[in-house]
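What follows is a single structure, written as structure tokens, with notes after it.
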Amino acid sequence: MHEFDWSSIPNALPFLWEGMKISLNITVSAVIFGIVWGTLLALMRLSPIKPLSWFAAGYVNLFRAIPLVMVLLWFFLIVPHLLESLFGFPRGSDMRLSSAIAGFALFEAAYYSEIIRAGIQSVPKGQMGAASALGMTYGQAMRLVVLPQAFRNMVPLLLTQGIILFQDTSLVYVSALADFFGAAYKVGDRDGRLVELLLFAGAVYFVICFTASRIVRHYQNKLKTA
Amino acid sequence: MGYNWNWGIFLQPTATGDDTYLGWMFYGFKMTIALSLSAWLIALALGAVVGVLRTVPNKWLSGLATAYVEIFRNIPLLVQLFLWYFVMPELLPEALGNAFKQTNPIMQQFVASMVCLALFTSARVAEQVRSGINSLPPGQKNAGLAMGFTLPQTYRYVMLPMAVRLIVPPLTSEFLNIFKNSAVCSTIGLLELAAQGRQLVDYTAQPYESFIAVTIAYLLINVVVMSGMRWVEEHVRVPGYLGGK
Amino acid sequence: MITMNKVSKHYGSFQVLADCTTQVHKGEVIVVCGPSGSGKSTLIKCVNGLEPFQSGEIIVNGVSVGDPKTNLSKLRSTVGMVFQNFELFPHMSIIDNLAIAQTKVLGRTQEQAREKGFKLLDRVGLRAQAEKYPGQLSGGQQQRVAIARALAMDPICMLFDEPTSALDPEMVNEVLDVMTELAQEGMTMMCVTHEMGFAKRVASRVIFMDQGRIVEDDSKEAFFEHARSERAQQFLAKILHH
């Protein structure tokens, strides 16, 4: 049986916390960009202008068909080269964090856009009619009447997707970026205490995600009874 | 940009000389399929059991099933994979752990990946099964019991056949997810599709061809799974019920 | 055949049934009525143990329903029940709906079960629909199938839980006709229903419930001509007014 030795964790806590900040940074940035871009995609998808709607459908279906790991690899291996040759960025500058945020944001936008599209479609059609009858333009009706109602109902789903995204940030491991999981792995590898560090990392993720999903569920129940 | 497209690269022999690059891709493709399908079968069976347990009146059983689902849903897949691959063999009784470590490394990677994907997915399948059962009209259970069925018989003959039909669409998306999630297993060195794509980037100077080929392979899997599940959906459709014939 | 003695049930502090005592003899048809929320559906669901109760006892054909040692499945297989929303099994054809419990619970062969099923479908006038699915029938037809399904188990008595209240008005009579016929053949029945015409025609006794209590338990003549409680008089005035 394995003999546990947890002693390398206390000293490593500052380093692990630095990693956690990277994980949270990627999560929050990607959620914000993902929701903005996802909203635009959803509006394009529902718009009467065919090419826009086709573009959005193609984008969403493509990103939903391929694994996140693939997208991240694309961003780490290929996009920096592309940027270097296009914009003459100095070779070898560390763009891993911004690549990761961009990769996550573009990927998650596809999932957010589906949630948002369903949310918009769940607002009764009569609301759009009523807004138009008051003389609002399509844009005004969307912005002032439909979207506020849609978002209110979508908040729990958007947050749940955020929790999934937080879990998925661990995949930046493929770029050797030291997010929380990467940091834990590095410490474990260095001290020969991989078993302890991996168990610790799993426990931390569990506590955070479990607590967050409880809070979302609580909010969801409040929304239902309101 | 000065990039030299060269689709002929796939037919060239690999740097190690024993295969073509297309052969590598095909190996990865087969690995992805074998891994995902075997994990999916286990996930379906486990998920069905856990999902049913979440709905039974016995507090202990349903509590246990809830704990199972929460654990597998709230730890990232990558962390779970590392736990299965690096940690589990250390925690097993020594003989068993050593036996695992002495098997063929590809076998080790495959088994850890399969168990990981299967359990991760089974928690999600369980949630679908539970919501399928809960979405049945409550009177159906009573009707089964009133006929003299025992509770297990009521599940077997009355509730599950309908619940399973209701959850075919969400199961389709879980089925697609397991193929996508299998790419995470490249991190422990399993040479599945995404890993082979990455190898190609390392060995050739043709990253775009490689990524496009891998992407097309995943799209292909997607199309096949979706049409397969659509076929299933049409064949289990109940006449006169929810869009039935 | 059915004896209830001081049956009480509560959810938390809410009293659903309070000291309900009554008897149903062989061949009797009891109509249970009362305002919504009075506990009448709960009362008949207690008879076959679909609703647990905290105190009192119910004896069905000599077997105590509340006794933890009682094999409830076996008891239920001898008591037929018809539900408000039919509750046919949507994934099975009509004839399979009639056959499934016969084979799986009573151990009859598939042939015996189907033969019995066809006979009962004949009786409720739905033989031609045997191979269809529940979703393809009207509500009235589904409820007649549900009655046939319960009869296929050769029950010693039948429980009806508002069998016509989910039906369109023009389908109510086809179901009541089947129930009337059944009553005239001497089936022991307990029916929760608002159909007072049916009660006047076939009931042996009427039970009136209010707030979980049995307020009236009398012959139909006594109930309809001079109900004693004010609550029952009000209820009758409202319901007979239409």
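Points to keep in mind about this one:
Order of writing sets the labels: A, B and C. Residues in every chain begin at 1.
Simple rule for what comes next: contacts are C-beta pairs under 8 Å (C-beta built on N, C-alpha and C of every residue); 3 or more make two chains touch, one makes a residue touch a chain.
Nothing here was measured: the structure is a model prediction, and the numbers come from that model.
At the centre of the protein atoms shown, by the Cα-centroid criterion, sits B. When every chain is reduced to the mean of its CA atoms, the largest separation from chain C belongs to A. The distance from the centre of chain A to the centre of chain C, with each centre set as the mean of the Cα atoms, comes to 55 Å. Distance between chain centres (mean CA atoms), chain B to chain C: 47 Å. Computed centre separation for the pair chain A/chain B is 21 angstrom, with centres defined by C-alpha atoms.
For chain C in complex with chain B, the residues that touch the partner chain are 45, 48, 50, 72-74, 76-81, 83-85, 87-91, 100-101, 104-106, 132-137, 149-150, 153. Across the complex, chain B is touched by residues 1-2, 62, 65-70, 73-74, 77-78, 81, 85-86, 167-168, 170-171, 173-174, 181, 185, 194-195, 198-199, 201-202, 205-206, 209-210, 213 of chain A. Residues 137, 139-140, 142-150, 153, 157-158, 161-162, 165, 238-241, 244 of chain B are the ones touching chain C in the complex. Only residues 1-2, 70-71, 73-80, 82-83, 86-87, 90-91, 93-94, 176, 179-184, 186-187, 194, 197-198, 201, 207-208, 211, 214-215, 218-219, 222 of chain B touch chain A when the two sit together in their complex.
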